[in-house]
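Dropping the structures in below, format is structure tokens.
Look at the two complexes coming up: chain A is in both, with chain B in one and chain C in the other.
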Partner chain A sequence: MTLAEPTTSLRGDLAVRAATVRYGGLTALDAFDLRVRGGSITGVIGPNGSGKSTLINIVAGITPVDSGSVVFEGADVTGLTVPKRASIGIARTFQAIRLFDSMSVLENVLIGATRNYRSSLAASVFRTPRLKKDDEVQRELAMEILASFGNRLLPRLSHPVGTLSYANRRRVEITRAFMLQPSLLLLDEPMAGMNPHESWELAEQLPGLLRDRDCSALIVEHKMDIITHLCSDVYVLDHGVEIAHGSPRDVVKDPAVEEAFLGIE
Partner chain B sequence: MSKLDMGKAAVFADDGTPIDVATSPWARVKQVLALRPVRITLIVVGIVVLFVMPVIVPSQYIMNVIVVCLIWIPLSIGQNLVTGNAGVTVMGQAAFYAVGAYTAAILSTRTEIPHPIIFLIAMCLAGLVGFVISLPAVRVSGDYVFVVTLGLNLIVLDVARQWIDVTGGAAGTPGIPLFTAFGWVSRSVYDFYWVALIVAAVCTALAVAIGASRYGRTLTALREDRMAAEASGIRATAPRVWIIAVSAMMGGLAGALLAFHLGFVGPSSFDTQVSLLIFEMAIIGGLGSVRGSILGAVLLIALPELLRPLQDIRLGLGGIIIILLMIYRPNGILGSSSTSPLVK
Partner chain C sequence: MGSELMQQIVNGLAAGAIYALIAVGYNLVFGLLELINFSHGHVYMVGTFVVLSLMDTGIPFPVAILGGLVIGAGLGMAVERFAYRPLRGANRIIPTVSAVAATLVLENAANIIWGPAARRFDTPLPKGSIEVLGVTLTTMHGIVFGTAAVLAFGLWLLVEKTPWGRSVRAIRDDLPTAQLMGIAVNRIVSSVYALGSILGVLAGVLFAAYYSTVYVGMGFTGTLNAFTAAVIGGIGSIKGSFIGGLTLGVVQALAAGFLSSGYMNAITFVILILFLIARPRGVVGRAEVSRA
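Let's turn to the complex of A and B:
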């Protein structure tokens, strides 16, 4: 927060450098550069198959890069595993919502708190006092984040997530991601499948959530108006290459962007 | 609702209404009684029956059947922890059973080590074998564990048959003394019932505790969506290796029980068919259900024992039950509807 700790200025800072990913003969990302500055919300748009999800996956560690690097908060994380990246503060949601369907809302959310527990998994079986304290702290954190969605999830804590509406499932997924206490949140089309009302509700809530948790975000989205609302900085991807970059207002006027999007429709 | 209240509202009655948890222990007991009268009554009756069992069971033969059921319970529960809770298909529980049984047989016939300590050694040794075998296997992929554990079963069986100096080969190790602990000697199956009951109860309690814990939830998360679990910061290897080790420890305890119960250990008790039988117990009872594991063990052991003609077709009987279950109740007899079926 202060000048005394120079490292905190890098909190949530992400740099993707000349990242290339090939699937067989197809180049999903071609020497792509991207920067997410700490505390900012950066958007990525592009037609289907332009490499947006691949981008999220190389940052999360699911897809390895063929060349290039991923630098998080000043450290090269290119070789780190998915759980390792999660535990240093990179959280994510998935394009197709991925929850643990047999578990309740609260149980799903608490899975995201795994790295916050100081007591071991073995301690959880024998219910040590330290675990109870840990549990209490994490439940309170969960309540705090769940409360950000008003009364959408709070009355449904014990409901199995399989019974929830699509939008509520997404809210659970986002809460689970925030339970990691991340400094960077990757959102892969978070509004996909939501109606306009729900999309806007989420778009209104996200900036506050991110600010309160001192977290930056990289968001991939189709809905241009939402990107314009949320992001200060937007990258436009097509065939794995950046075709435009800048403020949302400038980007939509770019002729290359118009061509890429019109070409699809 | 204050913030603290919301945190505690995670306790719900069966109809879904939130409950304020009573603070004093006695009020808590009354509250639980009022909420779940049937369940509490059943548990109390069950515990009483377990305690008066040696008095009410008329024949030594039936007592024998009960003790054999108790010996199989740790095996079935261990299998279910790995296959049901963690979703890793293992097919070699008999290997750990064998390690425990031979450890108990050899130590009790050749050394003066106190018998309770022998149980602990048998448990740890089986657990160690489970740990070592699953470490490389789980890393590669879950399915690989199936092949590796089946292979382990065959190896252990071969060692038991061939390493005659130590195991007695096909003739086995006879002459295992009566179980003795702190001056008390288990002179009959009525006495040994208590030993088997304690072991089965400890394994049951441990399995219930694991299932209800954060560790249990971690295993469920890995089973249901490994990618989402890993993206939530869960490492996929360690929790699954440990659960295989725990299940192997239970197998080791069952083996030690078998050794002291029979007074003899031979390789035929640890055939791959035995692993298959244990696998069937877990499936039939219900994946992820501790009560189911117990029921599965009792069904596949006691039924064929009591209905003698069924004995020779025990495995086939299990197979028929499984096929019927897969059609009518894919989650097993007591499997929770939320547990994902083995075959998705």
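Let's turn to the complex of A and C:
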């Protein structure tokens, strides 16, 4: 019997280094540093306009940094495009849900797996054996992830997503993100628009989902209790600057945090 | 009188099946990016002339069709690549202008190569006919209607039931998000133009075989009929454009049979205008869901 090798894998490891983003005269992020360790769930909280979404967008590749860098699994990805970053395992959900409304739940979910199989016109016309096999594998994976939400989505596979409740649309979006088989999931206010019951249900399901898929997560939220429940490590942002960092327990006691959140919580 | 009416309806359904086939290809392309594709009819005209020229050199009919399809698909992709793609995201009137330009290039090139006169188009397709209750049904009626129906159904399957079709519909719903999901948007758009053109050229060959003629002017008429059929049926709906094509064919045949064939384009325009005023969504058009 051999000892388990010490894990040298950087799977899901993210480092944002001295990232600065300016919009005209406004500094959205100011020399911000952040680390998401592989397998962990790291949270970012802060008042509206504190730079949380900008942070998600620089990691996803939508917003370029003016200075600083984004390092994913040990490699500098600062210059990579959105599709490139998706292809190396960075998936995301959007603060304002972006689904294909005329398509069904299952179809929306399978769209997330597009890059996992050949979907060219020729392959579809001739229904190549490889396409059929890929399709089977992806559908199986889709059902597996959809089942994580209990009976929320399984009975609605063929419903157009436009007819779903807000919470279910969010669940579809999360499933679609997992279909990319990411090693890092960026969740931009996933509980926004959900009632407390739905928020907690999702908060209970997320850690297991991430663990099963060997995926780390960066989650942006302003519901403090949810962040405390989910995350081992929390950053507090205000006006693009880190005002506190540490375990959720320590962070909530920080006077600077109390001041920033006064009147919000 | 009864059998004459029936005869016109049968003729109209055959002509309408050809319109339907042009229209489904047209609608596939139009529905995707909502660009008015003026060159669709011209691509189908050029493709049909290519088939004729290949047959003139002694190449067998099926191989000649293949050649026409390849050229048609190439032209469709080229029009997309050079006339539309650089202008994607621009105000829609701008690609409309470049589409007209592409159309003029194709039309003038065709005039130089094949001349403005109508050319005879003979095929080895069987020419038999039978009489049923005073109505003549020809083999060509059957071939035209059967081919168009099978191809339209095949396209519907492709769009609704395959991974490629899923990507096409995702782009149609929301192009930027489709791009973020890792869909190779340019490749899919290109393949849609190729497929639309292939269906167009097949319709062109059916048209030329049915009327035993091919001429440069069929490009414009083709686009007009396809656009009208698509508007009748509903933009973005394959089923709708097929129904729209059949309807248009029957109305035109009745107009030609009981008024004069000179009124055919005029009737088409009147129908187009009426639908655009009264029901721009068409008979089975989908409501705008995501672009509001």
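FYI, the second predicted complex is superposed on the first by the 248 of 265 C-alpha atoms of A that agree within 3 Å, B and C clash if a C-alpha of one lies under 4 Å from a C-alpha of the other, contacts with A are read in each partner's own complex, and residues count from 1 in each chain.
Keep in mind that, in the parts below, a residue touches a chain if its C-beta (ideal position, glycine included) is under 8 Å from a C-beta of that chain, and two chains touch if they have at least 3 such contacts.
This structure is a prediction, so every number in the text was calculated from the model and none was measured.
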Superposition on chain A - do chain B and chain C clash or fit: clash
Partner chain in contact with A:R37 - chain B first, chain C second, else both or neither: neither
First, second, both or neither for A:Y117, with chain B first and chain C second: both
Contacts of A:F126 with chain B and chain C, given as first, second, both or neither: first
Touched partner set for A:S158, first chain B, second chain C, both or neither: first
First (chain B), second (chain C), both or neither touched by A:H222: neither
Contacts of A:R22 with chain B and chain C, given as first, second, both or neither: neither
Of chain C and chain B, partner touching more chain A residues: B
Partner chain(s) touched by A:E136 [first = chain B, second = chain C, both, neither]: first
Residues on chain A lying within both footprints (that of chain B and that of chain C): 82-83, 86-87, 98-103, 107, 110-112, 114-115, 117, 121, 124-125, 127, 131, 135, 162, 176, 180
Chain A-touching residues of chain B, taken from the complex the two chains share: 3-4, 6-7, 9-10, 12, 16, 206, 209-210, 213-218, 220-221, 224-225, 227-236, 239, 242, 336, 338-340
Partner chain A, residues of chain C touching it in the complex: 158, 162-167, 169-170, 172-174, 177-183, 187-188, 191, 194-195, 286, 289-290
Residues of chain A that touch chain B when the two form their complex: 60, 62, 81-83, 86-87, 91-92, 94, 98-103, 106-107, 110-112, 114-115, 117, 121-122, 124-127, 131, 135-136, 139-140, 143-144, 147, 154, 157-158, 160, 162, 176-177, 179-180
Chain C-facing residues of chain A, complex: 82-83, 86-87, 98-103, 107, 110-112, 114-115, 117, 119-121, 123-125, 127, 131, 135, 162, 176, 180
